[in-house]
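Heads up: the structure comes next, in C-alpha cells.
Labels run A, B and C following the written order; every chain starts at residue 1.
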Amino acid sequence: MLGQTIINGLLLGGLYAISAIGFSMVWGVMGIINMAHGSLIMVGAYVSYFAFSSLGIDPFLSLPLSMALLFVFGYGIQRILLNRLMRTSLLLSLVLTFGLDLVLANIAQLIFSADLRSVNTFYTSCSFAVGPLLIPYVRLAVFLLALVLAGGFYAFLNRTKAGQAILATALDKETARLMGIDPLQVYALTAGAGAALAGAAGSLASMLFPISPSMGLSFIGSVFVITVLGGIGSIEGAVLAGLVYGLIQSFAASLFGVNYQEIVAFVIFLVILVLRPQGLLGKRFYGEAA
Amino acid sequence: MALVEVDDISVQFGGVTALSGVSFEVRPGEVVGLIGPNGAGKTTLLNVISGVIAPTAGQVRFSDSVITGLRPHRIAKLGVARTFQIVQPFVRLTVRENAAIGSMFSSHRIPHRDEALERAQIALERVGLAAKADHSPRTLTLAERKRLELARALAMNPKLILLDEVMAGLNHTEVGRVVDVVRDLNVEGLTVIMVEHVMKAIMATCHRIVVLHFGRKIADGTPEDVVGNADVIAAYLGDRFARRRHNNLDARATP
Amino acid sequence: MSVPAVKHDVRRGAGLIGPLATATALLLMIAVPFVVGGYWLRILTNIYMYAVIAQGLNVIVGFAGYHAFGNAVFFGIGAYTAGVAITLGAPVWMAFILAVLVSVVAAAALGWPLLRLKGHYFAIATVALNMAMIDLIINIGGVTGGAQGLPLPLESLSPTDLNRLIYFLMLGAMVASVLIVLWLDTAPLGYALRALRDSEIGAEVMGIDTTLAKTLAWTISAAMTGGVGGIWGYWINFIEPGSAFDINLSVNGYVMMLVGGMGTVIGPVIGAFFLEIFSTIIWGQFIKIHLLILGLLIIAVVMLMPEGLLFYAQRLIRPRRRTP
C-alpha cells in the first residue's frame, strides 16, 4: 500500500514537473507570471486529442507536433503583446495573461464543447507488476518522457548559444545587451520554449486523464505551488518540486481523501511563501528583484 | 555629551564583513564627514544608524537612548533624517507633496495637511526648488532630484541628518550650492553626518572626518589630521605611494 | 508668503464630476427603483456591488500598491458570516455588521504574514488564499453548509420590496465607499499609502509605519468588500462556496478599477458602470462567447489604456496636463 502510494506519486510527479518548468522559466527570466499557462497545457492536450481522433496519430508521436505549434504561439504572443508590456508594468502582464486564458479556454469550449474527451489507445490500461506494485505502462512512459524533456531543456539552456543567451539575459539584461544579445528576442524565445513545454505536458496529460477546456484551471494551481516550491527559474528545482508535489498529493489523497488535496497544496504554498520564498533550489533572477 | 554614539558596530552579510568594530561619536552641531574607498562600508553604516539594517553586533545611541533594533520610522520620529544615494522620489506625488511626507510623519503628532504643505514649501525654498513645487519629480534633473532628497529630509525638521553621497553627479556650481545650504543649516544647529567622495565638499564643511577602509575605522580627526594620516593615504593611494611619500618627507627632514 | 493651493490633478479629487452633477446623479439613482422594472434594477444593483468591490481593490491596489488579486476572499467571508449569523437567528442588520467586522479581523490577521510579501508573491498568495477558502468551507461543512451550500430562511418581504431594499443597501454601500476613498485622498493615511507604494523604504525612513499603514489599508478594503458580500448573501438567499469566493469577482473588480482609473476617487465606479453594462449587452447578444469577449476586453484594456478611462478622458479635455 505504501509502496503503491509512493510509485503513484512519483510517476505523477514527472508530469507535474514538466507542466511547471516552462512557467517557472518564463517567470524566472522575464518576471512574467503567465496565467494562461494552464490553458496552454490544455491546448497541447487538445492537439494530441485532435491528432488521435481525426488523424489516428498516436499521442506519443503527436508530442513534437503540439510542442512545435505551441512554441510558435508562445513566441508570437510574447513578441506581439507581452514584450510591449515589459516596459510599463509587469503586474499588468498578469492581468493580460488572465484575459488570454479566458480567451483560450472559451475558444476551446466553442470548438470542442465542454464535454470530457479522452485519448484511449490500445495500451492505455495495460500495466506490469513489480512485486506487489502495479505500474501502468503509460504512466511510466509519461514519467520517463517528462524527465527526458526536462533534461533536454536543461542541456539546451546550458550547452547551446541560444540557451546561454537566455541565462545571460536573466542574470543581467543590460550586460547581455552589450554583448549583442537582443533581450526582446530572448524573451520571445523563452516564452516559446515555455509554451512548447506546456504543450508537451498537455499531450502527456491527455494520455492519463480525460481532457476538457477547463483543465487548465486544475493545472495552474499546482504549477504555481511547484514553481515556488522548487525556486523560480530553476529547472532542477521544478523537477524536484514536481516529484515532491506528486508524492504529497498521493499521500494526502490516501490519508485524507481526495477532497483535501487542494487544501494541502495551498497550505504548503502559503507556508513556503512566508518562510522560504526562494524555494528549495531558488536562484536570484530578473523576476526576483522586482 | 554626544548626540550620536556608534559603539563597536559590526555587520556581516553571509560571508562578507561589511563593518567591523566601528566606533565613533558625533557631538551636537558637528558636521562629520564619513569617507573611504568604495566598498568601505559607509552606506552600510548609514543604514545601521537609520535602522534600515540591523547590525550583527554593537549599538548605536542617539541622545543617550539605544536606537539599534528600532524600526526606521521610529528612528525617524526621534529626529534622524537621511537621503539615499540612489534617489528615489515618490514619483506619483508632486515635488511639494514629496517634501510634505516628511513634515507629516516625522513627529508623533500628525499636522493638518495645509500645515504640512506649508512646511514642505519652506523646505523647498531652502534648497531652491520652490518654483517646481507642483511638478512631478519625473520632470526634475538629477541635481534637482538630489535637492529634493535634501528637502524631504529637511521638511522632517530633524536634529541629525545623514547625507549619502548627495553631491555625486553634481557639477562644480551645484556642489557649491549644496555646500552652502549644508553650512547654513549647520549654523542653525543641525548635526550632519556626510558620506562623500567629493573631497572639496568634505573639506569645506566638516569639523571632523572619519575614515573607513574595508569595514574598519582607520582614522578619526580634523580634516588636516586625516589628510596627512599615513594609513589614510595608503588606503586611498596604495602602500607604495604612502611609503615613498614617507621616505621623501624623511629625506627632506634630515639636512 | 502665501502658499498656492495644491492642485488636484487627474489622479485625485472627484475627477470629472462636480458637486452638482454628483447630486443630480444621486437623485436619479434614488428615483430609479420606482421607475424601472426588475431587470434593470438588478443590473444597477450589481453595478453598485461591483463598484464597491472595485473601490475596495482601489484602496489596497491603487493607493497602497499591493495587488490583491484574490481580494474577493473577503466578499465570501462577508457573505458566509452574514449567512451563518442569520441562520443562527441574528437580525439582518446585525448580520451585516458582523460581516464587516469579521472581514476586518480576517484582514488584520492575514495581513501580518501576507503583507510582508512583495509584488507578485503577494498577488498570488491572495489568490491561493481565495481558493483555499473554498476548500476550507467545503471541509468545515456544519453550519456553513459545506459543499451543499447554505440556504437562508425565507424572507417575509415580497420580491419587489426585497429587490428595492437591496438596491438601496447597495447604493448606500457604493456611496459610502466613494466617501471613504474621498477621505483617503486627502488624509494622512492616503499620503502614507501613496508614498509607500512608490518607495517603501523611502516612506519608512520618513517616519511612516508602513506595516500599520498597509494593514489599515487592507482592513478598510476588506470592510468594504465584506460588507457588500454580506448584503449579497442576504439577497441571494442561498450561499455556496464556489460563487461566494468566485475568483471572477476579483478579476472583474480589478479590470473595473483599471478601466476607470486606479488611485482615483470615482474611477472604479465609472469602471463598474462601463464593464457591467458592456457585459450585459454582450451577454444579451452573444451568450456563448460572453467570456471570450471579456477576455479580449481585458487584453485590450491592458494593452491600450492601462491608466484608465478617467486619465484619457481628462487628457482629452485638458490636453496640456504635464503630469505622470
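FYI, a contact is a pair of C-beta atoms (placed from the backbone, for glycine too) under 8 Å apart; a residue touches a chain by one contact, two chains touch by 3 or more.
Small disclaimer: the values here were computed from a predicted structure and weren't measured.
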**Request:** From subunit A, count the fewest steps through touching chains until subunit B is reached.
**Result:** 2
**Fill in**
In terms of mean CA position, the chain most removed from subunit B is A
**Message:** Can you compute the centre-to-centre distance for subunit A and subunit B, using the mean CA position of each chain? Integer Å is fine.
**Reply:** 49
**Prompt:** Which integer distance in Å separates the CA centroid of subunit A from that of subunit C?
**Reply:** 33
**Euclidean distance of C-alpha centroids - subunit B vs subunit C, Å** = 44
**subunit B residues within the subunit C interface of the complex** = 50-52, 71-73, 75-77, 81-82, 84, 88-94, 96-97, 100-102, 104-107, 110, 113-114, 117-118, 121, 133-136, 138-139, 152, 156
**Message:** With touch defined as at the start, can you tell me which subunit C residues reach subunit A in the complex?
**Reply:** 67, 69, 113-114, 116-121, 123-125, 128-129, 131-132, 135-136, 138-139, 251, 254-255, 258, 288-289, 291-292, 294-299, 302-303, 306
**Request:** Enumerate the contact residues on subunit A facing subunit C in the complex.
**Result:** 27, 31, 33, 81, 84-85, 88-92, 94-96, 98-103, 105-107, 110, 221, 224, 228, 259-260, 262-263, 266-267, 269-270, 273-274, 277, 287, 290
**Asked** Where on subunit C does subunit B make contact in their complex?
**Response** 3-4, 6-7, 11, 186, 188, 191-192, 194-195, 197-199, 201-210, 263, 322-324
